[in-house]
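What follows is a set of structures for review.
Each of the next two complexes has subunit A plus one more chain, namely subunit B in the first and subunit C in the second.
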Partner chain A sequence: MSSAPVAANIEDRPRPVGDAGRAGQFVFVAAIILLCAWILVPLYLLFVNTLSSPAEVTGFPKSGLPSFSMGSVQFFLSFSGVGQALWNSLLVAVLTMVFSILLGAPAGYALSRFEFPGKEIFRLLVVMTRAFPLPLLALPLAVMFIRTGLDDTALGLALVHTVLALPFAVLITFSLFAGIPVELEEAAWTLGCNRLQAFIKVILPLVLPGIVASAVFAFTISWNEVFAASVLTIENRTLTAFLVQNLNVSPLHLKFAGGTALVLPALIFIFAVRKYLFAMWGIANR
Partner chain B sequence: MAEIVIKNVAKSFGAFQALHALDMAIADQEFMVLLGASGCGKTTLLRIIAGLETPTQGEVWIGGRRVDHLPPRQRGISMVFQNYAVFPHLTVFENIAFGLRMQKMGQPEVERRVRRTAELMHIEQLLERYSGQLSGGQRQRVAVARALAMEPDVILMDEPLSNLDALLRLEMRAELKGVLAESKTTTIYVTHDQVEAMSLADRISVMNGGKIVQNDSPVEIYRNPAARFVGSFIGNPPMNFIPAKRTDNGRWAVAGLELDGPRTERELIEFAIRPEDVFPGEEGFVADVRVVEPLGAHTLVTCDVAGKPFRAVLESDRRVSPGETLKLMPAASRIRWFDLDTQTAIPA
Partner chain C sequence: MKASARYLISTAFGLSLTLGVTAGAGAQVLFWSNQAAPIEETQAMREQVLAGFDGQVDFQTQEPGPFLTRLDAELEAGSGAIGVVGALHGELSNYTESWMDLSGLDLGVTVGPALLELGRLGTDELKYLPWMQASYVMAANVQALEYLPEGYDLDALTYDQLVEWMEILATETGSPKFGFPAGPQGLKHRFFQGFLLPSYAGSTVTKFRSAEAVAGWEMFRELWQHTNPASTNYGFMQEPLLSGDVWVAFDHVARLGDAFNQRPDDFLAFPAPAGPMGRGFMPVLAGIAIPQGAPNPEESQALAIYMMQPETQVATLRATNFFPTIDIDLPDDLPNSAQALGAAITTMTGSDDALPALLPIGLGDLGGQFNQVYVDAFERIILANQDIAQVLDDQANALRDVIDRAGAPCWAPDAPSEGPCPIE
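So, the complex of A and B:
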């Protein structure tokens, strides 16, 4: 058999454009399903195992469905120090969020609106801080913190986390402000506003969604950070540091419970501000 | 009350000089139109007057008060921006009311002013919309209404009607002129549209390369351009220019004709005539017709005179066709002469 008849079988007629559209749509939907699965499957397994009894977690075969046994959760929550760690984490994350926006947004605004010498260097430096290895800083920082009395406090840790989150806050808010035409602000000035009023009445409403998004980002950076938290706190551990310290000696079902405790608040938080995230990414929410 | 005086104002952006030591005075309640090619510095000048840009040197006075150190809100101006700058997070109503609310004006008065200016700009049915739901021309009218509602002493408008269709522009133009005259506002109005400039202006300033080349009444600008640039920029189509060689004292050879002209020592100057000021006849420039464009009332004919394009506006009942040769005689009283070196007019 030569290949000629095969070639003849391939239909070489024009096909409706809709075919390509349908194929594209299939790829699109498949990609979405894949992405969702990528996020949701691990989360699902985490939750299932958390809500199963210890025997089910270690046993085989698995049902794949939660038995809603609250044993692990109850045990985990009654584990001494968990509540305190959760509260510490929350406190540090909120402080980090507030600091990095209060410091980052003005810097982003200045970068977007003013020309000043060293602007490019400054922008580069902002990013460079991320390249600096934290372990190198850990010891001097710890010493400094002990001297100033900041060691083992939520404020001290929040400051370190702010340093980590700040570059993102600056760059995100910079691009937010840069995306707003200067003329809008100028129009406000000609209509009777001073700089601050124009900022509050015109710029702020326009950037708020983005600011919220970068605040969420700062929150999660702090929430997930474990190294600085482990080094700089002893009594007032954050949840991550607490779990790292205690969980590798705990049974499996407790690890799952701990994982859930880590993930859940971040999820709830992002869910609460999702409207702003969507607005930032161009999905209308009017 | 609100006359504007600009003294020796210059502006550079780095090494680039956008404005060269301008002097200008706009009388109280005057309607001044700034006209000039793209990039000649019109917006920059408006922004300096508004206080959005700091001049490199010079002074700005509004209503007898030196204002160049004052922020925009203390200058008694409002401005219509070239790109509208309508606030996207506010409705049209709130956009127009923005400045009034800053003045802490009572709600009934705000309502009244917003409705009135909106009606004037024919956007009263759009008051609840957001700028994202408006067309370019509608947005532009919101910007104008927002500035008008302030009832300022001085209004600065940067091409405020550029995005409207011809008919609406005609209508808005008339409305604007009426309102601004009635409210005794001093106006500086930037436009590219010469017809608009002619019809609105008490006075026109023609700018070129960061300088003011002529500042005069519309008719004077049109009839007696002070510089070659003005003649070549104003008028649609603009003036025709032909080199002129001196043959005798006060006599000049222009494309085969000998004409009376200025008595100057120069050997070579430039002859200029408006396209509507030449008449076909037995004598005149030998013109080979290239393109014929009927415009209704008139016919625009593009010819070759002495190897250069030359435009003439003829009565439309005269039949002309490409390839034909015409004799075009310039009306003696309308001939203008320009110095080739200084590019300025030579008095005849």
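So, the complex of A and C:
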């Protein structure tokens, strides 16, 4: 547009530094509020609608406040098998966590400390395991599981989830170990430790928070996985397999209640281990 | 912090050690179903229908994806956990070879001969028991009736009259009031396969791109002008009907029932409209089959027989809004949904111009792609407003491809064919 008169009005002298600082602070606070709202508003709506009666959920306008009608919640609590499914979900997620660390951390250590032929290809292959969609793999897996007796067990499902979580476990632990100078280990060797002792006494304490964080990551991957869980388990359903498939064809008020049932345990878990998550980012930033 | 991290890890190890490989629960029959999947229906099936069975039943519902994958896996492995399968006719017909012959079972009830014929799946054996049936109807808020033009009979409505009525309704009330389940979970493809095309072209496949079919799509495009635009988000029409966003809607009876049960005086059901070729409608038939590798065949058969008993069939109707397949008198105290929707179905199937269009038969696992052809046609013609004849020509090629790959012969209302069903 007509830029000349505007340009003439601009004062050609530096602004006080405080101005820029204030503007920066405003953007910073606005971004924080936006990020918090991004997470909290959907959760709030989920909880409010869970505690509302069916008529309020479909009705409009909405009050935005819960009326503490427990109908939807009660329906869920009485829905047979929810407790068992919750237990199965936990079991599978914990197993996945353990397996992916037991397999992933040594791989990450090897990648960060050793040069070996095919190292780059190995790193690529690890990520490749995520390249095949589960619906494609589920059929042959299920056939094999039925034949080997792994079918419908927490162990079998945890193995599948471990495959899904492993790339992340390997890559996260790789960056953890890479962030710790090899000189620390070498110093330990010169002071009389053997390789294993140096690892356990020097390296492990440093990476433990990060490892726990990547374990949490494996936990959430397993917790959220639906397709393999619903094909590979029958009586030992996980909560997602148990609920998600039925929920998306259920009335709105039950969708909200089911959503809460799925979100709440994960929220509690993440809350319990939050400091390890922060620890991981601290290390990754070093 | 380090200590608690160790604690967490050791707890994790401890947990994993305490778990053994969990074994199956023994004599329990697994009822693997993709019907009655909404969570309230699942609950009702467990508590009201299956509780009376003399034995243990585990009723599990699944979406089509995992449902079929699991079934495939068990049939391929030759053994598994599934004792009884409950699914639609079209899905059961994909596995004809895998089902146990049920013709020897003593049901003690009379099943309609036409339904039994479908249950044979073209063989000499009874491959599945016709379990329950349903269809699609129209539902209207009683307020909408005030705008119905003089002399129009709801029970004998034509599509042109419906368009006219909806136009009046939209103009008088200021916003479009027709609702159509065009959302991701909606059964829109069934409307095109079983209602629109049969009513206009007298065919689902053969005359897919005929001039008559074009006329049908033109009518639907006009109807779409008076359709609530939120329809592309609707899955179950009972919800927009209850919230008042929509006054007149088309859907599966099981997806309308809640509206009739919550506010029985506010809604009424009526047959789907008729086109130039008749009143096309699609019956829905669900069946019960037993896989040949079922872990406990006697128990499975006992359960299948139990599901066909009059009391069970009535209980199933109450739980799911699917109607009995056997010859019985329905009790008077049925829920409002069953009464209203049942009457509309009876009127529709018994009308003079009734033109039943079956669910797709013989498509195997290509059923999803078959549906996609109709959904794509809908999206291009109605949502993207493309030229109807051009779109139908394109989609006819896709349709021919699916039919040829499946080698599926024609099914009603198309005339029987030798080899794959042709598209003119």
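FYI, the second predicted complex is superposed on the first by the 270 of 286 C-alpha atoms of A that agree within 3 Å, B and C clash if a C-alpha of one lies under 4 Å from a C-alpha of the other, contacts with A are read in each partner's own complex, and residues count from 1 in each chain.
Here is the rule we use: contacts are C-beta pairs under 8 Å (C-beta built on N, C-alpha and C of every residue); 3 or more make two chains touch, one makes a residue touch a chain.
Source: prediction; values computed, not measured.
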After lining both complexes up on subunit A, report clash or fit for subunit B versus subunit C.
fit
Comparing the two partners subunit B and subunit C, which touches a greater set of residues in subunit A:
C
Using the touch definition from the top, say if A:181 reaches subunit B (first), subunit C (second), both or neither.
first
Partner chain in contact with A:151 - subunit B first, subunit C second, else both or neither:
second
In the overlaid three-chain picture, which partner chain does A:108 touch, first (subunit B) or second (subunit C), both, or neither?
neither
Which of subunit B and subunit C A:91 touches, first, second, both or neither
second
Is A:210 touching the first partner subunit B, the second partner subunit C, both, or neither of them?
neither
Report, please, how wide the angle is at the C-alpha centre of subunit A between subunit B and subunit C, in steps of 10 degrees.
150
So, A:167: does it touch subunit B (first), subunit C (second), both, or neither?
neither
Check the residue A:259 against both partner chains and state whether it touches subunit B (first), subunit C (second), both, or neither.
neither
Is A:192 contacted by the first partner subunit B, the second partner subunit C, both or neither?
first
Lowest inter-chain C-alpha distance for subunit C and subunit B in the superposed arrangement, angstrom:
10
So the subunit A residues that subunit B and subunit C both touch are 205
The residues of subunit A that touch subunit B in their complex are 181, 183-184, 186-194, 197, 201-202, 205-206, 286
Subunit A touches which residues of subunit C in the complex?
1-2, 5-6, 8-9, 12-13, 15-16, 19, 21-22, 24-25, 28, 30, 37-40, 42-43, 46, 58, 60-63, 65-66, 69-70, 72-74, 76-77, 79-82, 185, 235-236, 238-239, 242-243, 258
The answer for subunit B against subunit A in the complex is residues 50-52, 71-73, 77-79, 81, 83, 85, 87-89, 98-99, 102-103, 130, 146, 150
What residues on subunit A touch subunit C, complex-wise?
58-60, 75, 78-80, 91, 94-95, 97-98, 135, 138-139, 142-143, 146-147, 149, 151-155, 205, 208-209, 212, 215, 227, 230-231, 234-237, 241, 243, 245-252, 254, 258, 273, 275-276, 279
